[in-house]
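Both complexes shown next keep chain A, but they swap its partner, so chain B is in the first and chain C is in the second.
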Partner chain A sequence: MSASYEAVGWNRQKKFYDWLIAGFCILYLAVFIGFTAIYNPQCTFETMLIRSAGTLAILLLHIILAIGPLARINKKFLPLLYNRRHLGVTMFTIALVHGGFAILQFHTLGNVNPFVSLFTSNTQYNSIAQFPFQALGFFALLIFLLMAATSHDFWLHNLSPKIWKALHMFVYLAYLLIILHVMLGVVQYETNPVFVIIIAVGATTVILLHLAAGIKEVKKDSQLFDRTDQGFSYVCNVFEIEESRAKIFCIGVERIAIYRCEGRLYAVHNVCKHQGGPLGEGKILDGCITCPWHGYQYLPGNGQSPPPFKEKVSTYDVRIKDEKVWLNPTPYPEGTERPGAMI
Partner chain B sequence: MMKRLRKRHLQIWMFLAFLLPAGILVGWLTVPKEPVQAVLQPETSTPLPVVLKRSDKQNYTAAIRSSTDGLRLQLEWINKIALQYPAATIYAGTTSKDLNKAKLIGRIEARGNWYLPLDSTFKATSGNTDHFILYDFIHHQVIDTINFKP
Partner chain C sequence: MNNDEFYIGWMEKAPAGFAKYIKKMLLILVVVVAITGLLLALSQKPFATGNFEFGKLTEIRGVYFGEPIPLLKAVNGKDIFGNTSFITIPLIGFGKSGVADVIAGIEKQKNIALNRKEVTMQGTLLYNDGKLLMQIDSKDSIFLKIGADAGNILSPVITDLGEQVIHGEIVDPKCFFGVMKPGEGKPHKDCAIRCILGGIPPVLKVKDEKGNENYYLVVGENGEKMNEAVKNFIAEPVTVHAKVVKYDDWIVLYIKKKGITQFSYLREHFGGAIASCEPARMK
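Right after this comes the complex of A and B.
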């Protein structure tokens, strides 16, 4: 959250995660290269690097793709979501090492431009077993490059969250390309079934997690609130909402978060202006609703970010009658002050 | 996340739930039945004692070796410097550059010494010229031919 674009403020948690990511990657590469050097000493260092970086990038991609649904299924995974961007850039860097060295080793020693060679050295596009799998990896790398290059909030702000999100959803296409890159590449040249098993387990895990999280969200969106009174719908009892926390309700087109803060209930639009994070899954910190994804903050009474920040979300009327909470889903303009409901 | 975006995520993953397993299955089914890696990369063995023929090139040396009883034959390949190709296959043939009539001997990598067994159908008689083809299977092109003159 920033009024202007400044260097990232590294907090203790972020530093810890970054060191964890760096340590894991270095350890993985060292162990992979070490074992290869012992058990396959004829292998060149470039080949070892290509193989170790390729497998590490795929492992990281699976972790990245699992974080989103895991965070939606269980809030304990939210800290991972907060640091997912760094993991994504790390994955791209490692994939770039894999792709760069592969192009260097397989395509730079001839008299043809390496990128031309990449697409023309094998033109058996009509064959599955002989398919030029390197082209699939190249296009996936291109998508990762776009994502890594636009990962900073500067691009999010300038492209608008809608376009930025649409661009970053291309990661799913990249994932498909990577799976095919492996299946039509290394798997075709190895007899060991371990590659197929690992890829199948990884893809199944990611698919199941995304489907489980998606179905859970659809159920939440489909909940009916049929008790109405003068535009207000009955949503829950007061005691169901913990202090400094919220409950989320989907009435009509979008979700609304009802927060309990210092003896009052406040209702705000559930979608954070930054990256569309679920405000209702955050908590009140320093008197502000704090988005669980990246820490953007809003005042519960008016949905405005505290000065000097300028983000605003819509507010709603909420009332309490006989310990029952009633919500009016008609939004007020973003940043409109509402008194909330006294408990 | 907006409701529309949540719905789109679910739709994409329902689509991928069919596409990804299909891709994995098709890729797995098309793996060659012949164990390519095992055929092309035999275990490193020791050189046989008798050198029948030798061809010395700038970057590598190739030799046909045999056991003392002459029953086992072997192609010795020594890379003097690293090959410009990270991996290549070697074929034995009666005519140069005709892979269709050649027999796959094995795979070598850019560095090291390689000893590839030649099966009983190979005849290293002194009156024949033996051709070997060094082939880049990544780019599908012949790198070099090695002729052992009688």
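Right after this comes the complex of A and C.
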């Protein structure tokens, strides 16, 4: 969380995270290049570069896509979610090496511009077997470029979290394009089933993790709150909410977090203004609701980030009657002071 | 994990429970990354044994022929009977281009017809599987010496092998015989198309029943270039109907009009109209 923009707001964990990224990339490249060179001494530098970068980028993409649902299923994965953007930018850079060198190798020194060549050399777009798979990789790379270029919080704030999030959801389209790029490209050349098996295992893992995380969220959201009184819905017993923690309730379409802080209950909108993190899964630290994703903070009484920060979330009325907690799902404008309910 | 533990990235250290769990996961990830790299590295098809002598120019003396494709015929030592043997060296251009324009330019500049001239040329060699090709670059002095007309001294020994139906894959010989690995198949398809459209003569790569590969130059019915016509058949299984002519150590396929089609298993096995492939006969 920062009041001004820096290229990277470095801290110890970010540095540690980046060293780990570098370590894993070096490990993969050393294994892939080393064993390829030993078992295929006829290999060329160009092919080695294209293949090692391509396979590493796909591996990183799978890890990136797995981190989100893993963190939703088990909070212990949250350290991997933090700074995932650096992992994304690394993946794009490696994919760019793959794509850039492939264009250089396959499309330059010809009788047309390399980018014209990319789309006009093979024009069998109506054939699955002969489909120009390189074009698919190109469009995926464009999406990754857009995501990497807008990965900084500067763009998040200027585009608005909603648009930024929507833009970054295109990663799933890019993933589909990459799977097709592989299946309609190298898989049609290589005869060893390992390539198909690895891609199938990767895609299945990503899909199952997303389904598991989705099912968990749906279960939470499907709780019915049919006891109502003057616009308030009965949601839980007061003792179900631990001190400095919250419970999340989905009434209608909105998720609302009820926090317990110093003998009072406060209700705020569950969605963090930074990247949409689940505020109700956070904790009160230094008197502030703290988002579990990136540590953005809000005061429980008014949903405002402490100065000099300017983020605000909606607040709600909450009541306690006979140790039962009642919540009014009608939001107040973002940053509106509410007294909360004394326990 | 203590339930009171809470992770925030900007804190100096992750809580102990989180740190311990993540360390375990990272160890698993190390194994996954290493195994994935190993499996992918070991599962690749063997790389071709071709060579491209990048950056090295070699002089070769021989006779230049403009037909059926631009080539140099040179002495290649003696055969087992002690007779002088010859090798046919197809010529290709720099990058993804043929040599037609380069040769035409030199002929115009020197006001000379190079066909059947005794020449000393220099270029970059590429070779694989018994075939030798030479890349010539207009930036270099290609013809170091242009001698007299060779007449019929080194005229190719031509043998008509009749009309045949052959299955194979059209490749660009420059990449296939040495510049790229792989220089064939789907991953290389775009490059092969670009090379062939740039003027590099197409070659049909045919695998016989024993797995041996044979290579045939592809031209039109009357010896015309087929570069544009084969565009949609490059790097995929094709069936060609051609007049087959042996020129010394290369075989040339004079493809009939509409004599090239995508290979169809059903048509081959149930259509009854096309004979089966017998490339071994063509040696």
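Throughout what follows, the second predicted complex is superposed on the first by the 341 of 343 C-alpha atoms of A that agree within 3 Å, B and C clash if a C-alpha of one lies under 4 Å from a C-alpha of the other, contacts with A are read in each partner's own complex, and residues count from 1 in each chain.
Here is the rule we use: a residue touches a chain if its C-beta (ideal position, glycine included) is under 8 Å from a C-beta of that chain, and two chains touch if they have at least 3 such contacts.
Predicted, not measured: the structure shown is a model, and the values here were computed from it.
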Clash-or-fit label for the pair chain B, chain C on chain A: clash
Which of chain B and chain C A:T47 touches, first, second, both or neither: both
Touched partner set for A:F115, first chain B, second chain C, both or neither: neither
Chain touching more of chain A, residue-wise (chain B, chain C): C
Touched partner set for A:E190, first chain B, second chain C, both or neither: both
Chain B versus chain C as contact partner of A:F154, first or second or both or neither: neither
Chain B versus chain C as contact partner of A:Q105, first or second or both or neither: both
First, second, both or neither for A:Y125, with chain B first and chain C second: neither
Partner chain in contact with A:Y39 - chain B first, chain C second, else both or neither: second
Which of chain B and chain C A:F239 touches, first, second, both or neither: neither
First, second, both or neither for A:W19, with chain B first and chain C second: neither
Colliding region between chain B and chain C, picked from 21-29, 111-119, 129-137 or 147-155 after the shared-chain fit: 129-137
Residues of chain A that lie at the interface with chain B and also at the interface with chain C: 42-44, 46-47, 105-106, 109-110, 117, 121-122, 129, 184, 188-192
Complex contact set, residues of chain C against chain A: 1, 3, 6-14, 17-19, 21-22, 25-26, 29-30, 33-34, 36-49, 94-97, 180-182, 185-191, 193-195, 197-198, 232, 236
Of chain B, residues touching chain A in the complex: 1-3, 5-10, 12-14, 16-17, 19-21, 23-24, 26-28, 30-32, 35-38, 44, 82, 84-86, 109-112, 138-140
In the complex with chain B, residue positions of chain A that touch it: 42-44, 46-47, 105-106, 109-110, 117, 121-122, 128-129, 165, 169, 172, 175-176, 179-180, 182-184, 187-192, 196, 199-200, 203-204, 207, 210-211, 214-215, 217-218, 221, 250, 253-255, 271, 276-278
Footprint of chain C on chain A - complex, ascending: 1, 9, 11-14, 20, 24, 27-36, 39-40, 42-44, 46-47, 51, 55, 59, 63, 75-80, 82-83, 105-112, 117-118, 121-124, 129-130, 132-134, 184-186, 188-192, 194-195, 198, 242, 282-283, 285, 290, 292, 294-295
